[in-house]
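First comes the structure, then the notes that go with it.
The letters A, B and C name the chains in turn, as written, and every chain counts its residues from 1.
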Amino acid sequence: MSKIHLGCAVRRGVSTASIAAALAVWWPASAQSPVDLTKWSPEYVRSIAGTQEFDTAADCGKVTPLNYRGRVSFWYQGAFEGDPDLLRQYYRDFFATFRKTYPNIQLEDQALTYNDLLDKFRTALLGTAGPMVVRLQILGGVEFASKGYLQELKPEDIGYTAQDFWPGAMKSNMWKGKTYGIPTNNETMALIWNADLFKRAGLDPDKPPATWDDVVRYSKQIKEKTGIAGYGLVARKNAGNTPYRFMPQLWAYGGGVFDEASASPNYAQIQLNTAASKRALQASYDMYVRDKSVPVSALTNQQADNQPLFLAGQLAMMISHPSDYDVMLDLKKKATGSDAQTAQNVIDNMRYGLIPTGPDGKRAVVFGGSNMHILKPEYVDGGKVDQPAAKALVCFWTSPEWSLKMAYAGSNPGNLNGFKTKWMKERLENIKFLDVTTAMLPYGIPFPTIPETPEIMNIIVPDMLQNALTGTMSVDQAAEDAARKIRNVMSGGKL
Amino acid sequence: MTIRPTEVPARATARPAGVFRRAWIHRADYLYVLPAIVVMLIVIAYPVYYTIELSFYNTPPSLQLRDKIFVGFDNYAIILGSDVFWQVTLNTFIWTIVSTGCAYILGLGCALCLHRAFPGRAVMRAILIIPWVISAVAAAYIWKWIYHSNFGVIGALLVELGFAGRPPNFIDSVNSVLPSLIVVNVWREFPFAMIMLAAGLQTVPDQLLRAAKVDGAGAWHSFWHVTFPHLRGVSIATILLLAVANFNSFIVTWIMTGGGPANASHIWITHIYEIAFGRQRWGIAAAYSVILFLIVMSLGYFYVRGLGGAEKEGGAS
Amino acid sequence: MAHVVLKNLIKTYGGYNAVNDVSLTINDGEFVALVGPSGCGKTTTLNLVAGLTSLTSGEILIGERLVNDVDPKNRDIAMVFQNYALYPQKTVYANLAFPLQMRKLPRDEIDRKVKQAAQMLDMTHLLERKPRELSGGQQQRVALGRALVRDPAVFLMDEPLSNLDAKLRVQMRSEIKRFHQDLKATIIYVTHDQLEAVTMADKLAVMSGGNLQQYDSPAKVFANPVNMFVASFIGSPAMSLVPLTASTVDGRAVLAGAEGWTLALSPLNARKVQRATSSKVVLGARHSTIKLTTSAVPGAIPAKAYTVEPTGDVTFVQAMLSGAIVNISVPPDVAVEADQPIWLAFDQDRMHLFDGATELALKAD
């Protein structure tokens, strides 16, 4: 129960008003939601925590009776490498509680890694052997909705309302005006830094870089003064981590793949080769090639590769989930001898801050999270979907209680009511850096909700980074090449 | 009245059984072969057919697979017209030829060294087989860290010993990534060549070696004129197996670099995987596979023809 | 061509002497056969001379040179192997040329020598063929040719005819003998077939158990075998050896058989028997030296025919005497049946007497 001093820093650094102002742009009509999004601030979040009780069994019992006899099959992204032990425990608790609450529903669940889930799910659908219910990361759902694999599913179908969820999250579940899923949790990343390394490099240990240009500058200074890599750039292809860390940079400079950063995007015009986007790419180039202040291994690194580096005090800054703090604690348990000493030092000096802004003060982060979907029966293994059982499961996971618990360490409840539960109060008291996570939520931008997004984000954008960073193409050429590839993809069919 | 025996017209020759008659006689044989043929049809013939069919369709991510659009040879044109394809083709040939060659030579060297008995030979043999039996995935991860551009063991040693100012960049540079991966691949494969060739070495006729010795051949000439020609059959088989394995070698490249950086370590098989499963372009991936299939089959055909020739010449007598 | 001297050769494997103190001298141009049963050390000896196996102790001289430590290729020898050992991927020409290439001779000289050898062995039309296209006899000739081109001081042949069928073997035997005569070559020839050795060699070196038993011309070895082993090994069908007991009857030296009969001895033979270390004496007689009669004759031993083998040219009759089988040859017109009583007369001048204990031939002086 250590005092969370960063919350004070955030409060000092970011005024409530500015958050509210940002929110007004994003969500003008948030008057009817259970929480007042216009008032969003760490104080507000603290004030509503613990103010309402929820009985999950009773609520979901209204959707599907508790003695209902049936069967439901379910695939989801489990807790794996890079996730803290705490999360693993909550996953176990969820399934145990669901089975206890609905003893006559036979639940067949299967956990897969982030990268495997999409692969396996797509393959299963081709063979019409999918599960009844699936929980996919937010990037994935629209592809399957557009192909017609998913049933229509609105919050009202499981006893909630659309206002119970983040508007941006609901947007990610819509295709051609209809809703196909329910958000389970939403998260945004933050900037993590090692205060000790900042101090050794002559920087203010408690002040994160304010802009991305500052990131480049800090990185260079840290490398020159301490010989240690500054920013943990991630540029590996075919890994989900890369777009999550590059897109905030791209949006902050005023660029984007399309117009996804605007209030009502229509994804019509490609913007990856605008001057603003090229500036963002240039920043990465400057760090990797010009200053050499980031690990050379960035081209083959995933975030999981950055974690041990950070813990060993060999990396000063990185962008990641709040749960990385817990990951550090878990990794430290495995360290021995002097490594354990170093690790403890790093953990003591670990700080979280808001993601830097662009040169114009624009701050952005990928609105991440997951949604649950129910498939159409003809694509399910066995040809049938047990609707009541499926709805019971969806209701359970997206309930205030569980959407919070399953997002305990690294994410936030998709169901806004979750912020009002007593467990939220617990979280605020127990979890370090939680304030930062919640404070970043208003800046979240979901990926373009088009079926081509996975290909664009996982392949074309990292490709662009790699082309520029290896010098195979100039920054200009890389951006133009990426824009051309996206044009090909959008026009249907070409590589 | 003499009784003449009735004349039975003699058949000039017995009529040879027709095809159908012969098939009927051997009907049981077909039954025995049937399960294998069924499996082959299901597991090989049908997927091959389906892939070829799919290669003529476009499969955009917004449509279900069954709604694919017919586009004729467009997919082939797209592939053959893309620069990446030619770079990946070059990578693949370099990868296969260099890996196979090095693995063969290294395997041959080790087999020759282990051929004569010396104390600790059995231990040496066991140690040398380890790279082959280790799980490929585990090996790939370990080598990834050995090669790490900032914290790899090799880099650390070189810097410590003063041979380099900074750790060398093995897999994060477009120029050195392919050779670095080839090293890992050869490391994994040479025990296979070593074992095959060691077996072959056992069969080199002793009298021939003695004759060569009497004729004045030293160690090198004995090897070149007696041992090596005798190993011809085994060598051809080994090289064929290695080459096929290398053409399809997925794990090392995919795990260590994912094809990067900037497609410098993509080979055909990883590139197809990325296009099919990363980009959902089933039609293009199918067309790609068909192109590969044709290239590899023709290479294989000429190779096996050469092998058949070698067998006729009694290369491994 | 040169002479070869082997002095006290010993080759030990583990605790066992494969070649045990073998000494012999082979004169220039002589054809010497090392003959003996399997495992007697003849091939090992040949390998020692070739330098393919290292000596444990002893000396080998080729010409006047001590070649103990000299490599095979420098010993001026050529070897012909049982399995021909031709290089399978090379043509006959290349096979013949190989030893000369190893010696780094110029191309035209190689060509000349190869053609010369081919002509000598009547192989010129085979030069472009590969070994697998040749018959067994032709392959053996190529092997000979390959040895021939080296123009060596000594030819070493390791059972070269063992792989051929009987008829071909006979033909090749005469060819090799011709080869020897034309070249006046020094040849050391290893074989387990005593007939081959006897018909081809100038001298026989009979070996057994690593030891040299007797080294002499075939005729002398045949006529005067130095011990029971040589006696039974050389000559086909083998000499009959009958174990008897020496004693005196009426003042005369006799040999007594187990059945109770006695054979009187000539004075010379009596003197030989006196030299025996014990009363156990073995009588040796070749089949052609025993006279068989179907009725009793004074001095003849009574016996019973055990088996009869008519071969067309001559009929062999086996009888049992003193527990040993005695082989007698008779003209084909003599009719003998099994179990028929017969009488055997031994020729005192042509019988052999051996010491029953030491197995050495008994001598009069």
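Convention: a contact is a pair of C-beta atoms (placed from the backbone, for glycine too) under 8 Å apart; a residue touches a chain by one contact, two chains touch by 3 or more.
This one's a predicted model, so the numbers in the text were calculated from it and none came from an experiment.
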## Note on the structure
Farthest CA centroid from chain A: chain C
### Summary
Of all chain pairs, the one with the highest number of C-beta contacts is A-B
### Task
Using mean C-alpha positions as chain centres, tell me how far chain A is from chain C in Å, no decimals.
95
### Query
Using the average of all C-alpha atoms in each chain as its centre, how far is it in Å between chain B and chain C?
57
### Summary
Note: chain B sits from chain A at a C-alpha centroid distance in Å of 42
### Summary
Contacts with two or more other chains occur in chain B at residues none
#### Entry: chain B-touching residues of chain C, taken from the complex the two chains share
50, 52, 72-73, 77-79, 81-83, 85, 87-90, 98-99, 102-103, 130, 132, 146, 150
### Message
Taking the touch rule as given, give the residues of chain B at its contact with chain C in the complex, in rising order.
### Response
205, 207-208, 210-217, 221, 225-226, 229-230, 232, 313-315, 317
#### Entry: In the complex, chain B residues that touch chain A
58, 60-65, 69, 71, 74, 78-79, 82, 84, 144, 148-151, 167, 169, 171-174, 256-264, 274-275, 277-281, 283-284
### Summary
Counting only contacts in the complex, chain A reaches chain B at residues 119, 122, 126, 143, 146-149, 229, 235-239, 295-300, 309, 314, 450-452, 454-455, 458-459, 463, 466-467, 469-472, 492-495
